[in-house]
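Both complexes shown next keep subunit A, but they swap its partner, so subunit B is in the first and subunit C is in the second.
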Partner chain A sequence: MSDLLKKSTLLERGGLLKQGRLLLPALLLCALPFYLDAFWLRIGLFSMAAAIGAVGLGLLSGTAGQLSLGHAFFLAVGAYGYVWLAGEPGPGLPPAVAAVLAVLLAGAAGGLFSPVAGRVKGVYLGVATLALVFLGHHVLLTADSVTGGFNGRSVPPLEIGGFTFAETDPELTVLGVPFGAEERLWYLGLVLFALTWFTARGLLRGRPGRALVALRDSETAASVMGVHVARYRSAAFVVSSMYAGLAGVLLALSFRRVVPDYFSLLLSVDYLAMIVIGGLGSVAGATAGAVFVTALPLLMTRYADQLPLVATPGSGDGSIGPTEASRYLYGAAIVVILLYAPDGLHGLARRTRARLRRKSPDTGPPGAGPTSRPPATTANAARTKEHTP
Partner chain B sequence: MTTRTAAPPALEVRNVTVRFAGLVALDDVSFTVAPGTVHAVIGPNGAGKSTCFNVLSGLYRPTAGTVRLGDAELTRLAPHRIAALGVARTFQNIVTTQGTVADNLMLGRHALSRAGFAASALRLPRAVREQREHLAKAREIAELTGLGAHFDAPVALLSYGDRKRVELARALCLEPRVLLLDEPVAGMNAAERTRMTEVVREIRAELGLSVVLVEHDMGLVMRLADEVTVLDFGKAIAHGTPDQVRRDPEVLRAYLGSGTTGEDAA
Partner chain C sequence: MTGFLDNLLNGLALGSVYALIALGFVTIFKASGVLSFTHGSLLLLGGYLVAVLHDDIGFAGALAVAVLVTAAVAGALDRLVLQRVGGTDPHAAHVQTIVTIGIDIVLVTDLARRIGGDLLPLGDPWGNSVSDLGPVTVADSRIAAILVSAMAIGGAFALFRFTPWGLSLRAAAEDGEAAALMGVRLTRVRTVAWCLAGGLAALAAVFLVAFPAPGLERTTGQIALKAFPAAILGGMASPVGALVGSMLIGLTEAFVAGYQSELHVLGEGFGDVAPYAVMVLVLLVRPAGLFAAKGAARV
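Moving on, here comes the complex of A and B:
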């Protein structure tokens, strides 16, 4: 009994520590719009949107072991769904309602695909979803009245209770900093990202997450333990589509214009790169990968003139442009990660932390060594569990 | 949280035949597992023991014949429905999933818990409470099977014997009425075998469940089983108590062979 009590206090302390560790980055992220200009905020926004989408794909491919090349399709459903539902031509719904409906629409699109997603396994699903991307791209180009065809459509700004996420209406200046579209969207992005983080972690650590991990590791074991295989496979697909839809809405709001060519197969591959670089099956990893893959080309474009071997955009002398260079870079990153850290940035961070922690008791005061050892190992064990989603 | 307290119904295997493209893996096999007993299924390699288990747990659908647990006909149900009825199994080659012992045992609680995608994503109080209750129960079962000290350890780091025990504990987490053990002591050393035997004896005494046991270790079978069915080339060649079966000439022939008769049976 006393053992149990000790354990619970230990857990509580861990929880407090964890909250503190979450609070600091959260405050930092909230403070950023006061210091960064629109360029950096836009990078942040795209990263947040990508992170939301990557978390969704991570849930499907990393946790449930179902490869999807159709993520771009569901991003497009979210983005275009919002634009059509909130805009003219279209029903012209209040933008907030349109945003929610767009996410549900993406989920419904995933649900329509569930007869396939529930039955087809692993790599084969990747091939099946490939069709979705091409189909989606074709529809985006041809259904002019809804999608605006090749030129796309401009995105109506989000409006919640009279507050518009755009440059004006109402004019807003906080602490001497004028709040334009980027600053406002930044906070929207933070809220949506926090929501994604919260829900995805809840899923992964709860009953559905365990069922999906079991499906990935052994379909037989999962079914014998009572997991309805087809239902969980399709549910994972639907949930992943909904995250993609949410990411699509945020992307549309940040771009302020949606065009079909953005939602190509390349985008799906980008998202796969994110979760592989970040580390399969973890929310933090997907986020890290998303930031890496999103921010790298934008940063390289911005600083192209200062980088060796990279031509400034538009110079057209046959050398490597910043976009290509960043693709080479993250291609190389994938190779390096698959070779040396197959569990991605997240696994790398975890192992580094574990190594640091193992080092620290040795350098501590010699008298406290043997007595402090057992609690340290318990804490270690608890820690490894926390990092396993 | 649901707990099954009623005595398990009898598990009846009736005239089960399984054919794989011309190969008869099980040929008209029948036996009944009486409630609360340990029933061993033995036989040489390739006799159809694992096929039999796969039929019982719904992974294979038999070509003919039925398996009934009380009123339910298992042969018409998908594996997850059979699990929900309280039939749990372990595998001959260990099949655990990534994560800690706790994660694996909590998978065993899947059929007994309710929290779905929405409730878990939003961490509704009901889902959080359910998870806490089931975690406590899983810890209890870990203690019972001697895994208490490893509860939060990743399964991949455990010894072979411990991983075998994780499988057993995971099956127990389902609170089964019928427990199917596929070679629970295969590959274990003497000490681990003794310990596993003790654990199986204990859980059967404490939980009052029926156990179907596939095992090559005759010592274990003789010590644990109330009744034995012997399979050879897919046919049930003998039934009875361990002592009866040990003296059965057919069984001796199947295990030891006697000149050309072994060839004839093929």
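Moving on, here comes the complex of A and C:
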């Protein structure tokens, strides 16, 4: 009885601890717009949008084991879907409705591809989805009336119930800080990111996530256990496309202009880099990877003049500009991480935590051991130290 | 009618160049189960070496050096990086595929930085000369592409068929474990496969950027990706399938570009993306490609 009680209080405390662990970063993120200027807020915005997309790709590639290089296409569907649905020329729907429809549109595009996505497996799907990027780019360039062709289209600002996510209308000053577009979009991004975080975690920890993992590890075993292979593969593809669509909408809102060349194969590869660097199959890892890959080139551009080996942009041929330097870095990061730490940043963090936890009880009671054999313990300690890399 | 013949010859030339690249993909895939996304950068590397060296040591020498160096780089990447990734994990080939993407990012970034915004000429002996073949006029570079590709592909098939390495490759592709037990050195087989694929990619680069293409530019590597549909169409593990797939892709691209005025519904420049449309259509009907053997899973 007392055991049971103890257990339940422990559980409660664990739950509280967990809530607290999420609450603190959340509060911190909410407070940031009061302290940071627009440059940092923009980095944060792009990172949040990228994180939403990366979580979606992580669901597909990390959990279901289906490689996709078509993520840029679904981002484009989300971004252009929103712009067309909310703008002129286009149906001119209320922006909030357009945003929701754009996400659904991206999901529908994923659904249309599901005859391929449900049956083609693993890395082959990566090649099949190359087609989406190139065909999509072609459509963006040629369907002028919808996409605006090469020069793209400007993005109408989001508006919910009379509140516009732009510089003015209504003018807003909170605690002496004027709230411009970046500050407002920051909170929108936070809400959308929280939505992504919780829904993706729910999916991964529930029945669908387990089914997808089983499918990744052995298709035959999973189908024997009653997992409908084609249906789950297509469903993973559709859900990942919807996250990509949401990321596309947020990106469009923060860029304020969408152009076809942004949604190229490079963008798909960026997203793949994010989930590999973060660690396949984890929501937190995908987020960390997204922040790393997104923020790195922007930061390098800003601080190019203070970094060794990096030239300021446009300083002539043959020099290494900030964009190139960051591409070298994260290309190499993919290789090094898969060589030495295949589970990415997420796995590194987990192992470090586990090691710290293991260490603390060891170092906790140093005098508790029998005092008669101090030389033996020191020898042991020395040996374990040698073995620790 | 001459229009048709023109397009046919263009398509064959394009198809034979794609075949060089696709054959490399398939060889690598047979030997290691890896889809090589580094092929774009290997091709760019080959082209870049020819462009830089041809002034000093002549076109033929530059081509020979480029083929050898690219082959060596490909082999080294496999031996020093890819074979160390994944270990005994059954999904090791998938992880290695993602590593090739990382390598490609680094190589392409570096080569693109060196090339900059320039168009580099390769100094090939065909220049912009043309010949009359009956009713049609063809660029000499196209004829050279068809002939050289046919020879290289014939040579590669002879390697598969008649050499001990070819036998080991086929055995390894059939059943890696059994082959290893019979004394086939899998690591060596796959490193040689990578070398062969690298050399073929460098050779393909020369014809991809020859007349009437303007020259080597930083985006040339992306063309290698069009050989992916070709290899997938053929079923990925079949060299003959890769040849058929490449021809199909080459002809599609040439005919779509040739009859563009009739096909304007599809938009300008649809020829460039037509290979991918063909791939999606084929995958809808046959998800494992045209020439794939029916696989059975053992539990």
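In this text, the second predicted complex is superposed on the first by the 353 of 389 C-alpha atoms of A that agree within 3 Å, B and C clash if a C-alpha of one lies under 4 Å from a C-alpha of the other, contacts with A are read in each partner's own complex, and residues count from 1 in each chain.
The rule is short, and it goes like this: contacts are C-beta pairs under 8 Å (C-beta built on N, C-alpha and C of every residue); 3 or more make two chains touch, one makes a residue touch a chain.
Model, not experiment: these values are computed from the prediction.
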With everything superposed onto subunit A, say whether subunit B and subunit C fit together or clash. fit
Between subunit B (first) and subunit C (second), which, if any, makes contact with A:Thr220: first, second, both or neither? both
For A:Glu159 in the superposed arrangement: first (subunit B), second (subunit C), both or neither? neither
Once the structures are superposed on A, label A:Val276 by its partner contacts, choosing first (subunit B), second (subunit C), both or neither. second
For A:Val116, using the defined touch cut-off, is the partner it touches subunit B, subunit C, both, or neither? Pick first, second, both or neither. second
Which partner does A:Leu141 reach: the first (subunit B), the second (subunit C), both, or neither? second
Based on the superposed arrangement, let me know which partner A:Gly126 touches: subunit B (first), subunit C (second), both, or neither? second
Going by the contact rule set out at the top, does A:Leu265 touch subunit B (first), subunit C (second), both, or neither? second
Just subunit B (first), just subunit C (second), both, or neither: which does A:Asp343 touch? neither
In the overlay, work out which of subunit B or subunit C sits against more residues of subunit A. C
Answer with first, second, both or neither: which of subunit B and subunit C does A:Gly206 touch in the superposed model? first
Once both structures are superposed, the least CA distance from subunit B to subunit C in Å comes to 7
Check: subunit A residues flagged as touching subunit B and also subunit C 220-221, 224
Would you pull the subunit A residues touching subunit C in the complex into a rising list? 65, 67, 115-116, 119-120, 122-124, 126-128, 130-131, 134-135, 137-139, 141-143, 219-221, 224, 265, 269, 272-273, 276, 317-318, 320-321, 324, 327-328, 330-335, 338-339, 342
Could you pull out which subunit C residues touch subunit A in their complex? 35, 81, 84-86, 91, 93-95, 97-99, 101-106, 109-110, 113-114, 116, 222, 225, 228-229, 232, 236, 267-270, 272-273, 276-277, 279-280, 283-284, 287, 297, 299
What residues of subunit B sit close enough to touch subunit A in their complex? 57-59, 78-80, 82-84, 88-89, 91, 95-100, 102-103, 106-108, 110-111, 113, 115-117, 119-123, 127, 130-131, 152-154, 170, 174
Okay, in this complex, where on subunit A does subunit B touch? 198-200, 202-203, 205-211, 213-214, 216-218, 220-229, 235, 239, 381-382, 384-385, 388
